[in-house]
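Here it is: the structure, laid out below.
Labels run A, B, C, D, E, F and G following the written order; every chain starts at residue 1.
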Amino acid sequence: MSVVVRTIARILIPVILVFGGYVILHGHLTPGGGFQGGAVAASAVALLLVAVGAPAVKKLKAPFSVLEDLGGVAFVVLGFLGIGFTFFANSLAGMGGLFGAPVPSGPNPGVLNTAGTVPLMNWAVGLKVLGGLGAVLVLFGLFGGDDDR
Amino acid sequence: MIGNVPFVACMVLVLLGLWALLFRRNLIKVVIGLKVIENGVNLYLVATGYVKGGIAPIYTYAPPDAAMVLPTPQALTLTSIVIGLATTALMLAFVVVIHRHKRTLDGCKVTELSG
Amino acid sequence: MRRVAEWATTAALAFVVFLVLSSFTGKWGVWASDELLAGAVIALLVGLATGRFAWSRGGWRLLQPHRWVLFLVYLVGPFLYAMAKANLDVAWRVITGRINPGIVRFNPGLRTDFGRTFLANSITLTPGTLTVDVDDGSGDFYVHWINVKDPSPTADEVCGPFPRWARRVAE
Amino acid sequence: MTILAILQVLVLILIVAGSVLAVWLKDLLASVIALGASSLLLALQFYLLQAPDVAIAEAGVGAALTTAIFVLAIRKTRRKEEE
Amino acid sequence: MIVALPLAAAGLALVGFILVCMVRLSIGPTAADRAVALDTINTLVVATMVLLGAAFNLVVLLDVALVYALLSYVGTLYIARYLEGGLG
Amino acid sequence: MRYWTVLAAFAVVAGCLLLGGAGMRPFGAPRLDAMDQYFNARSQAEVAANNVVTAIVFDYRGYDTLGEATVLFVAVVGVALILRRVKR
Amino acid sequence: MNGLIYAFLAIGTAFNALGAVALIRFPDVYTRIHGATKCTTFGSIFSILAVAVHGIVQGGAAGGTMAVRALLALVFLLLTNPTGSHALARGAHRAGIKPFRAVVDRLEEAGHRSPVTRHGSKETQ
């Protein structure tokens, strides 16, 4: 595409990634979470693919596979954290420490440091969705580029 | 006040997708029909959980003493949307490969697996 | 050295975006400390991931503060005025249906990517003009002009003072 | 309350219209554009049904990624529906 | 649960304009015309979402409008890239 | 002949779906909502999350999410297998 | 303050209406892009400014957040909208759509046409 689209993509791709991180990070306070934030961040890959072209995303295939596996493993490990009570029990909520602050009941402005394992699982699923959808996009973009006809 | 219009609209969406599945032979059109069915089902699930006069089930900056809509259908729909994209990509990959090998997108002409 | 500067600058700008997004989390616009910490981590990761990509030739000059002041002045002054004029112009053309279109070429003499982007987007949002193509090498602008007065115009005739503003702000 | 009901019915009509176009048009690219519009308005309907989580998911997926994958697939195959 | 009626009325008017754009999307002779209609619908939907979020008096709903404002043009870019014959 | 059979089946399905949609409970008045009321009331105390939907996705119904993540993984692996570069 | 909000809403709605009408009335792609982009961007600026003023009037953390979010959406719209229109115009020209009753077409003279698209589906008007 032309220089205009490429320059705007240069500006907007970091912004989209930060916004995806924000959506994942505040998943337990505002609408959002791992699935939505991963989809938003994968849109940055789509923008890179359309603005710069398929050769630019060639190197990204291996990192995305690693991200997807990492996210899946982290999700299962976080599920096993509460195995003393039951699988997927939220063993960190309300205990103090990491993400363990108590939350007042009823409407409140929201405290980031709450909700136990939920934010960590958000990050695991977010990385997984980013890796999976990004890998799909890269594969579609690279398929049949040079040797087709 | 508006009766069952949203539910009927969901059914119309599902029927449209079914029409595309049954009477269109182009494979990409079939995938589009599946997307339309998926949209209808997602809309149906979310409409099931709506409570008249309710607010979104989030306590951040919520007005006090307001009824909330039901959260469980939303949670189910949420995961189904992202999964729907991945499965659509899988179907389109099949379509691309079929076109590469058979030089056609007509579902009736791809006969290896029939009969 | 240059690479470290790219990473650090991108991370800092990403952190500013995060601060705007998460404002009003503490009391009256003071950010909560855990928000700041998490935002710093996210901004650092984003800076590392996109630092090489985000900067092009001449981009560093955008960091000079007087350009930001000029940009704000431009935004509320000539740009808003030109946009209002553009909309009244379109309204008149919608009602009367009187158009005389064509695609003309002119060369504003901008060299950097950011300057060309700035001018192209300004042209698209202001009266009667729409950027169709920008030549990468020579910097020629091809503009769809809804009311062609001159088939081979100069930059002043098509878009008035905008090339000067683009040179002042972004180049 | 009434204005909310009118909004919901109007957006539902628009969704159904976009889906009809997506199924009916012969040009596959136009069909994908209609599907994109339909998904956009579906996100607006989720918004009106007070489901912002689902609306963000539909926005992030339907705005960019679905259109991207469909357009890439059409690029890799052919555009017109053959009869 | 609409608390600010003028904002909701403006949102209703914008949805009405989306209906007009839908006409162009259905009759547009070329694919480029339809894509222009889609782009216009994008902008109108973002404005509608911002207005309705204020009308419902729920701050959290405005995040959806942010996502749309940021991402809606990527689809347009794909269609434009297809029209100019790119995308490998 | 085959066309008419399919069309008749489609008409039957269409009639059933439309009647079912019209005969459901009224829109906006759910009957069985004990579970959702429990989630709405207790999610702040049990999960300490403001967003009830996220609490359900990642805590109350974590198994569902695990299954969906598996489906996502399988779909991505399928795409990667189908679209691998064939050396000719 | 309410008067200001109503004025902004009226201006915004009027210009958005103008954009929709321009989309219907103009004769070809390029002029439609003209009308649609300019009018809807300008109208959305005022609609969103109305919401921002509403948030500031409301005050408190919730109102401030509302104003910040609305202004951020405005910034994103201003960045992305003209870019998408430019890309569409360029794509339409390379797909072979001629401007309606053009007096001059320097881009075609300069030979910036793409090679015929791979599957031979040229756009015709």
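Methods note: contacts are C-beta pairs under 8 Å (C-beta built on N, C-alpha and C of every residue); 3 or more make two chains touch, one makes a residue touch a chain.
Keep in mind that what you see is a predicted model, and the values were worked out from it rather than measured.
Novice: Taking a step as a move to a touching chain, how many steps at least join subunit D to subunit E?
Specialist: The fewest steps needed to get from subunit D to subunit E is 1.
Novice: By mean C-alpha position, what chain is farthest away from subunit C?
Specialist: F
Novice: Taking contacts as defined above, which has more of them, E-G or B-D?
Specialist: E-G
Novice: Report, in whole Å, the distance between the mean C-alpha point of subunit C and the mean C-alpha point of subunit G.
Specialist: Chain centroid spacing, subunit C to subunit G, equals 15 Å.
Novice: With chain centres taken as the means of their Cα atoms, state the distance from subunit C to subunit F in Å.
Specialist: That pair's centroid distance is 42 Å.
Novice: On a C-alpha centroid basis, what's the spacing between subunit B and subunit C, in Å?
Specialist: 38
Novice: Compute the distance, rounded to whole Å, between the mean C-alpha positions of subunit D and subunit F.
Specialist: 18
Novice: Specify, in ascending order, the residues of subunit D that touch 2 or more different other chains.
Specialist: Residues 1, 32, 52-53, 55-57, 60-61, 63-65, 68-69, 72-74, 76, 78.
Novice: Considering subunit A alone, which of its residues make contact with at least two other chains?
Specialist: Residue numbers touching two or more other chains: 1-2, 4-5, 8, 11-12, 15, 19, 23, 29-33, 35-36, 39-40, 43, 46-47, 50, 106, 108-110, 129, 132-133, 136, 139-144.
Novice: Which subunit G residues reach two or more other chains?
Specialist: Correct list: 21, 33, 37, 41, 61-62, 65, 72, 79-80, 83, 85-87, 90, 118.
Novice: Which positions of subunit E touch subunit A when the two form their complex?
Specialist: Residues of subunit E touching subunit A: 60-61, 63-64, 66-67, 70-71, 74, 77-78, 80-81, 86-88.
Novice: Where on subunit D does subunit B make contact in their complex?
Specialist: Residues of subunit D touching subunit B: 1-2, 5, 8-9, 12, 15-16, 19-20, 22-23, 28, 31-32, 35, 38-39, 42, 45-46, 49-54, 57-58, 61, 65-66, 69-70, 73-74, 76-78, 81-82.
Novice: Which bits of subunit E are touching subunit B when the two form their complex?
Specialist: 1, 56-61
Novice: Once bound in the complex, which stretches of subunit F touch subunit D?
Specialist: Of all residues in subunit F, those touching subunit D are 51, 53-54.
Novice: Spell out the residues on subunit G that touch subunit C in their complex, using ranges where they run on.
Specialist: 15, 18, 21-22, 25-27, 30-31, 33-35, 37-39, 41-42, 61, 64-65, 68, 72, 79, 82-83, 85-86, 89-90, 93, 99-108, 110, 112
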